[in-house]
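Would you mind keeping the following structure in view while I ask a few things?
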């Protein structure tokens, strides 16, 4: 049997040409793997057939949407994961899952290597290969676009010469990645950061300036995970899909950011994440209601570290795993209802309630019934500020000694 | 000469009654100090006259608006200070400045103590007294409402009995603090976190659902500080005032949050911070363009610590001072223009440019002219993921040994 | 039935007098609780009888040594807990355990309050009362020394007048706390930080300058917990006790530190922690061998936070619990042998081995057989330093533009 | 004029052969640069002559000892820099300074590239090249050993064939780097982490088991920098040199550690850092006396980040610079005297005094004269533990509702 390589296959030009290109360059049989993470678009069976038509010795389709929602998006939500405070890690979440299936498929079908269609200047190459290194260190990773010099121009020529069944166009100016957590986009004219985005870029969201009648929803969480909308129980995947539609209608979750890539450069990125943005807003509000102050403050800093780690491709690292255990533990009381108004690009929390609430009306109120003993504060403040007081005395003495 | 106490005087019921109350309880002469931090409303001279009419031996007015903007708001902006990721620290910023003038006035007028009108269950008492401890450790702090049991009901009776020249009403249900950085509000019906806020609460902002024609502005920063709007040079104070009007018109900067107070309880707070919210959005975007990745990531975590410190009343602490020095140093390249669209409750960045930009078109572009050497990535990824690879091998060996 | 209070009873003067003092001041029956955390000294039954003789309505003795070792010391060891990088938290670990038995005993014997003998300027009052607040928020905490003004002089007079069966001496100049994790000491002449400690202060350790023949030991860990010395399986408690003797003989674990107390002051503290110091040295070495770099670096910072939290009395807080879950997870591979030489005040690691080791000879060696592909480094370094390179170019351009 | 490369020249086999090897491989003229950072050993002029004899077109010697002590070691001391809590960054500190002189020399002598003798699996290659990238991004870095496959065996043959004036030996089993801050060593038999080090390895330190009569010294610091020993003013370099002799005599500063290299592998390293270890012990003690609690705690975490950054070769990065500014600001009160006893491998602080001390005898003492108002503690503890109390009530209610 020949050696084999499993290629992460999208159905597009680059990876379709990649099948033959890999075979030519390495002599290996190419197995195509298409993973459904909710990217929508074409039928997965059509994609599978195309892979075979392009020369794959085998083609495998995996529906990983539920797994993606349960095991990748929900941990990200618990972590309120937002790279640079804004970006919910769309591609950073799908890459490790696809890499997992690359490793599984390589193992099942006897391949000694895996391949992906990423370029050499993005984050996704790192995410794929770091995940493979952690899951199946014996596998070799190949990146035809980067390692075998498969440029777009060469791909078009190759496809034409080999009559590959793919539309060939130099025109589409957008570099796009999609999954159920969001849509990412880079494009030429936005490479000047002074140029504003145009309405034509967006697909998951309508223009927030075209204001629709407001929608009010109640999201119910149990231990950090959304379980129902307006009282109707739904799976995480269903909730994400439904919120994409609803929040997308109101133009929620558009992001336009100068981003620090792991490979050391800055890039301009456009994202659309209607469900992710809405869920994170709601989840944070519920945490503010149910987490103790010190834990809440600490977790916010861990969240930034978690987002950096995952952005940087270290999903399967030991640190990421231990941070997950920490974050999971923090969620034991994060249960309750958050009411939001969706409109005009904004998901606004208007109510929060929980049997796990740490908000204590009797302590908080300024009305009759207040149980807070204000006389305690004097002692608290005295000791709280004692280090400042002592050092102020030191400084005053210093000045005195110095004759100032 | 009698002993003296300097009271932070607002002109309202509590501190007006506080003048006599303090005198009765302590035997000290009361000096009233009113500090203008842009709270608007009454004429400061009217306030001064009222203090005298209420029995103050002396009454001092300080216009601290410029100082507040330059020395308190600008450092907060450089720190993108947002407690719990949202609240720009409105009261947390004015309290230390007022405390400074309490200390200065006490020194100038020979007082041995200072006083403020805060209750014993909020943050502001801590901010006042911790600031005094750090600035003038020899002064005693008195809080009539907390220490001398001056309740609102007693205040109304006292004012009536003594014919104090203040409107007396049990009706106003709002507890409000204002300055040029924003407006804070607590009120009875919001003490149930499930109740939504109502439009009547707001003063600095119009309803964002009443969408106005968009305004596009360009804010110019120099070393982290805004210096011009649409090319017109303005002082920090002018910029904050003008943005309050403009962004307020679009309903930008409304915040509704369950907040962790320093004294250990959670409370429901409403804020309006049109200028602060707009400036922080713009400033962060400019930092994303001009700060190196590691510094940007690190600073975001320091910012959370800075906001916690200031929220917790430690403005004049040694740690706060050293963090300021760090933050100031990070701003040396944070100069450039940010273009924003203001509309419908949102301040959206649509363009960013800077002679200090670290965005490198030649490295970022996917077009011809790309100078990024993609072959470098392979080595990078190998070493980046080497720890994961080694531990994966360890784990595989473990399983092998264990016969799993 | 009268109301009851459970007093944490040591058998010494303060708490012996405290029994009657509490009864007189509160009218409550006093139950004495003595918890054995390995403090050594008197027989626990003698202590129990003394409590009864001093007027306790009941006296309870709990042998908590194993629980202390398993549930308090081992988590501290996993966290390498060292306040201010040095102090292994001796008293900070026993207080929450004693507080737990105060709450349990109060519940079992129908008490509505608990009491302890701490002063009002130390950390232990906070640790007791914060633990009670977290475990049994309905109980009231009383501190006779602090709240009821029971000074040492008054205690001696009271004991004499009431013929309490305790030795009465104003002479002992040392304030001491002991448990199996170490011994703490404060004393008058050390309150001048320029005075050196004297040999007379120490009890757990011999003078390290009197050098003994070296002892070499091998400590075996499983998942972060020591399980054997020199191949002989022992419980955590046995290991701690045996190392106290062995390392104590070599003068290991003496600490002399200016310490930042939670109540805002600095104090001079002497500690002796022979077993704790030795175990932490060994445990850290094993972690260096078995933890991935990023996890190791991150954990070191979490450790500092953990030590601060526990020092500050927040053992039973939500944040502490979630940090424990994190730390526990990090220990899954921390198994193996550490060889140490004990001599002259030093516990020195001389060998480390583990089936879980991440040290890879083939990658590390400079000898033949090296499997590290050095050519990968070039790409790694290029991307690692790319942000610095880009900003250096920016700065050069700036200077050029400015004509410098 | 031919192109030129400046080679960091040590005088040893690798870099001596590197001169010709570089010329052959690149066609460039080779300029040798030897930087004196206190490594001792040969006369620098002898080294310079050898470089010329080996074919260098020019050879430059720089005495950078004072600069190294002032601008590299003192910042490290202020940061108490200790990688993995132990290693004072010996090589990590000299590499950026040598790189600076490579860049300076390249600029002065018209070279377009620089070179160093490091292998491709260590940290030093990163430190050299990252520093060059930050200081002179236009220069190319060449590593003959790594990039031009100059192995040790090839070097010996080359030296023999070309009659280079260097001793040629395959025997020396030690890989050594030295400077005035310490000495680093790797060697074959220690590549098994279970093997103990042997006495023969050490040069800066005598055997601590051969106990010498104790030396007592007083180190005086001003703003974090040592300025005198036993009252005798000395420069930082003199203090480091003198302490190397004195503390080295007592065997202080031996380190044996499994270290996480930046390139992703673990290695076994031996260090000797008598002066560094002694100074850090003293400096930390003085900080404990003079820094406010919150600042002290925060700085300890920044120190770990600083050490990681510098270890990782990012000396000239923007983050490092801003952290330096933070650390410098913290040192304004770190002045005073620390008395140490040096003996038997240990530098033990026995006294500390400072006009900047925050230790307040009147607050700390348990004797008459105590000014600490213990009644304040009750209020402090109540509010400090209020979040725990509230969540304990929540949890109790939960259990009640659940019928547990």
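We just call them A, B, C and D in the order they show up, numbering each chain from 1.
One rule holds for everything that comes next: a contact is a pair of C-beta atoms (placed from the backbone, for glycine too) under 8 Å apart; a residue touches a chain by one contact, two chains touch by 3 or more.
These are the chains along with the protein names UniProt gives them: A, B, C, D = Argininosuccinate synthase.
Values in this document were obtained by computation on a predicted structure and should not be read as measured data.
Would you say A-B or A-D is joined by more C-beta pairs in contact?
A-B
Could you work out which pair in B-C, C-D or A-C copies the interface of B-D, where over half of the contact pairs coincide by residue number?
A-C
Any idea how many Å lie between the Cα centroids of chain A and chain D?
Chain A and chain D have C-alpha centres separated by 39 Å.
How many angstrom between the C-alpha centroids of chain B and chain A?
31
Two-or-more-chain contact residues of chain D, please, as numbers and ranges.
Where chain D meets two or more other chains at a single residue, that happens at 260, 263-265, 292-294, 314, 317-318, 357-358, 360, 363, 375-378, 380, 383-388, 390-391, 393.
Of all residues in chain D, which touch chain A in the complex?
Listed in rising order, the residues of chain D that touch chain A are 292-294, 333, 355-358, 360, 363, 373, 375-380, 382-384, 387-388, 390-391, 393-394, 398, 401.
Which of the residues in chain B come into contact with chain D in the complex?
260, 263-265, 291-292, 294-295, 298-299, 305, 309, 314, 317-319, 321-323, 325-326, 328-330, 383-387, 390
Where on chain C is chain D touching in the complex?
Touch list, chain C to chain D: 84-85, 119-121, 125-126, 129-130, 133-137, 143, 146-147, 175, 186, 188, 191-197, 208-209, 211, 214, 256-260, 262-268, 284-285, 288-289, 293, 296-297, 300-301, 304, 308, 312-314, 316-318, 339, 343-346, 348-353, 357-361, 363-367, 370, 372, 374-378, 380-381, 384-393, 396.
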